[in-house]
Amino acid sequence: MVVLDIFMSRYVYVLIIVLLAIGLYGMLGKRNLLKKLIGMNIFQTAIFLFFIEGAAKAGGSVPVIDEIIGMEAAQYINPLPHVLILTGIVVGISLTGVALAFLLVIYRAYKTLDDRAIMANMKEISE
Amino acid sequence: MSSLSVLILAPLLLFCFISALVGIWKLKWSYAAAVTGVALALAAAVAGLCRVLADGELRYFLGGWPPPFGIEYVLDHLSAFMVVIITFIGLIAVIYPPEAGLYHTPRRGIPAYGLLLLLIAGLSGVVVTGDLFNLFVFLEIYSLASYALITLGGDKAVVASFRYLILGTIAGSFYLLGVGFIYFSTGTLNMADAARLLPPLYGSPTIMAAVALIVVGMGIKLALFPLHVWLPDAHSYAPPVVAAILAAIQVEVAAYVIVRFMLTVFQPQYFIDVLPVTTVIGWVAAAGIIFGSVMAIAQKDFKRMLAYSTVAQVSYIGLGIGLANPLGLIGGLLHILNHAFMKSCLFLVAGGIRHQTGLHAIPQFAGLGRKMPLMMSAFTVAALSMVGVPPTAGFFSKWYLVLGGIEANNWAFVAVILASSLLTAVYFFRVIEKLFATPSSGDPAVEQAKEPPARILSPILILATGIIVLGLINALIVSYVLQPVVALLP
Amino acid sequence: METVYSLKPLLAVLVSLVAVIFIVIPGQRPNVRESWTILAALAKFALVASMLPLVLQGKSPAITLFAISPGISLALRVDYLGIIFGLSASFLWVLTSFFSIGYVRGIPEHKQTRYFASFAICLSATMGIAFAANLLTLVIFYEILTIATYPLVLHRETPEAIFGGRKYLVYLLTGGVFLLFALAFTYQLSGTVDFQAGGILPAQVAKSSVIMLFTLFLLSFGVKSAIMPMHSWLPTAMVAPTPVSALLHAVAVVKAGVFGFARAIGFIIGPSVLHESGAAGFLAALTAATILVASLIALRQDNLKARLAYSTVGHLSYIVLGLALFSPSAWIGALLHIVNHAMMKITLFFCAGAIHVRTHCDSVSQLNGIGRQMPVTMAAFAIASIGLAGIPPVNGFISKWYLVQGSYDVGQMVFVITFLLSGLLNAGYLLSIVVRAFFAPSDKFTKFGEASPLMIVPLAITAILSLLLGLFPDRVPYFFQLASNVAQSVLGGGGL
């Protein structure tokens, strides 16, 4: 019962861990480079969700000062992690953009996006 | 409140922008803008170091917002030390001509110098910031710049850079997660503030997990064995100047982050006794030293050999952290300085050889010593320093590490340090033998080789002279700069 | 000894380092280049000799440079022990320089600029070792010497030379690594690395620490002193040109090793501490075995330089054995042998070089009757051989006398027998060459034809000096007095 209690109140974190695991598996376990990239995106998204969840408060309002609610900080959800996530999202987009550009070049050069085939190719070409 | 810390970052970022813009017209202007930017940053860094030595810590609140609400930039002994190294090596790397350093002069419109400045700016930012999240921002800035710059090395470099991108992102994300844990436990992102708020929480699993995540994340960036797998490919395929900056500075900045967390954000005792972080790092580093040296011996490609050598050398720094006593940490920190000079000199020599002869495999280097005496003498000085022959700088980092090991009664570490000197001697003297004692095989590339022009040679010679000078003045550096840093250790 | 501030030790070290620039620049004008070498050698010897009167009066010229590690400075100080080594090395460099010029022009050798430049750096490092005031300074110059001699060993760039160079580096760099460990351990045990007669270890140091420290010194200095089984690099290094073998492997590099032992035993660990721990006995046994085994191996060598190499291995262990015995006479004998052996062995190597240049003969079996062609060379060879066998009136007899006396004083008859036996073996492998040269019938060497005067004069000088030092050991340069002063200060009147 205690376990179920914890699960019900913290289920978001469990899901976040699941997403992290999926992302990691994608990055490290999959051979296709594009799938690695997708894994990376999933991984980063999981981290963003973690921050958003940490910022949430039960019954909290949107973090814009409202005369009705007043000046108590505890009534508003924490805006700082949201700011951090904005930065994180921008970073994630840039990384994805750069990585996609890399994949284009790699595909043009090696005609495949399979990790093993490319590594074998690279070893052949090298002395 | 002194703005020196930001004065280091400002010219770098400003001139990055200028350099990228003017690069659309003429590369020469882009190059000149880049050199100006880094030179200004270096001047500010040196001024910062002098002020810190005289007066103590310098703090700057960005936008005037005091901590813990605003972002703070701090110059203390450790960060001033690091930022001078970063900007100096950065200046040498930027001065190095692009035809040798970036494999070819970049076409109009490719903002190579802008990216270089961004790389140096990111590295400097990581070092001077006093805010946990700001560190992440600068971390990602320099990582992105480095991913792009590595690809200037050709098709294989793109593949290597992609793998580096994936692993580097894992590293940055782990760091971010760790910072998240700390934030949600303490409510602050400011390092000094966190240091105040954390001690009561030392026992909580959240904080322990945060430390583990941050150390593993930085360990990936540091190429600490066995998290080093991205490094050999990335450094051997990247163009020489990029490889020099990455090997000489970027891995050390990752080490800095660990040291900073150990000394400032957390109390050193936490890393030593409560969580066995230093023990684990120490043993992993010892394995890395042996692994890196052995792999380097097996390499035929010159830059690949240097890349594995970097894995070993960075593990010295890890060993210094792992010893966790003042002498050991001094050895590790001094090695940051020494390795920066040695490794960048070696990579620039590799660039020079490739530029003059097109060669990059060691067996083909036969007889080059005769043709390019000055550059090869500089190489010999750097090689002797890597092996640890006095009075070059490399000897002294090993000296402090050995002293630290004996003081900690850790004979295994001492044995590893000494054995690695011999292993390093094997792979470097093999190259020296080929250069100087083997008659040339008649390869036309070697026969027609000449000493590279002064533009390529001067940065190399400056670094080589620096290696000897640093060795001779190491007592000054240790007494004034490093001993205050390690004063916190038991 | 009273310390006196003086710039001369620093100048003695630096003069040949500065000369390297002038040796490299002329490059293709050999006479200019060679004159710089000669000038540097003469200047260095003059500087060292000028410090001798001060030292004899009990004053020690010293200079402390800057801190090279917090708490330890790069410092030079000329004491009795240092000036013995410094004087002999610098004097013999003058002669070797002349000999070198004759040799490399007689062959002719290639890459002469690299050769002379490396030589100059080596001698600079040797002076640094001789005059080092603390162990860190000594270690720094010791390692520089290893690296500076490497280009000389692989000079000929043949596959044998490259292999010899590799083996040389493996042995000596390994020794260097143990030396670093010894240095750090010493610093941790005593808090200082300054040399002090009688030792610097604190009184309550654990016996196991002493044994460990001694083992580290043995594994480091022992390599350069060619104590068995760490001696193998020395015969292999004979691929180097003969003047290199002469100066470096009979005088400078190997003597740096035994000098290091003298400093380690006398000025770091301290003879009494060493004896109490029992390590001294082990060292004595090891060196005695080396003496006998090396002499036996030398008998079987046909290559002349190989025979001389094993002879050197044996004689170096004479010195270390003397240092291991806790007796003033033994120490005096050991220190005198540093000089005497250098003088005699360099004569032999000079002769070997002259023979090689003139006749291209490298094996003993080819030397039948060579005395008829090269009487001066072989006469010098004879004098040196007599000395090495320990027969008066050549100087070898004096040092041997004291070594035997010292062994007798401590009651170790086994060592007395070792020395005497070794003398017989020396006579066997050296005098047999002399006999062969003068009395064996052959039709090869009929006409008189010595090598060039550049080579003959130096070897004649060293031979005659060996004789003179044997007849008048007490006169200039007072080596005997210097040696007894060292023995006194180190053993402190203790021992037998």
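Things to note:
By written order: A, B and C. Residues from 1 in each chain.
Note that a residue touches a chain if its C-beta (ideal position, glycine included) is under 8 Å from a C-beta of that chain, and two chains touch if they have at least 3 such contacts.
Nothing here was measured: the structure is a model prediction, and the numbers come from that model.
Take away subunit B in thought and the touching chains that remain sort into A | C.
The most distant chain from subunit A, with centres taken as the mean of CA atoms, is C. Relative to the centroid of all protein Cα atoms, the closest per-chain Cα centroid is that of B. If you average the CA atoms of subunit B and of subunit C, the two centres end up 44 Å from each other. Centroid to centroid, with C-alpha atoms defining each point, subunit A and subunit B lie 28 Å apart.
Put simply, the C-alpha centre of subunit A and that of subunit C have 70 angstrom between them. Among the residues of subunit A, none is in touch with two or more other chains.
With touch defined as above, subunit C holds no residue shared between interfaces to two or more other chains. Across the assembly, subunit B contributes no residue that touches 2 or more other chains. Looking at the complex, you find that subunit A touches subunit B at residues 24, 27, 33, 36-37, 40, 43-44, 47, 50-51, 54, 80-81, 84, 87-88, 91, 94-95, 98-99, 102-103, 105-106, 109-110, 118-119, 122, 125-127. Looking at the complex, you find that subunit B touches subunit A at residues 133, 137, 140, 144, 147-148, 151, 155-156, 158-159, 161-162, 165-166, 169-170, 172-173, 176-177, 180, 183-184, 189, 300-301, 361. Against subunit B, the residues of subunit C that register as touching in their complex are 66-70, 139-140, 143-144, 146-147, 151, 154, 157, 161-162, 165-166, 169-170, 173-174, 176-178, 180-181, 183-185, 187-188. Within the complex, the subunit B residues that touch subunit C are 384, 387-391, 395-396, 398-400, 402-403, 406-407, 414, 418-419, 421-422, 425, 429, 433, 436-439, 472-476, 478-479, 483.
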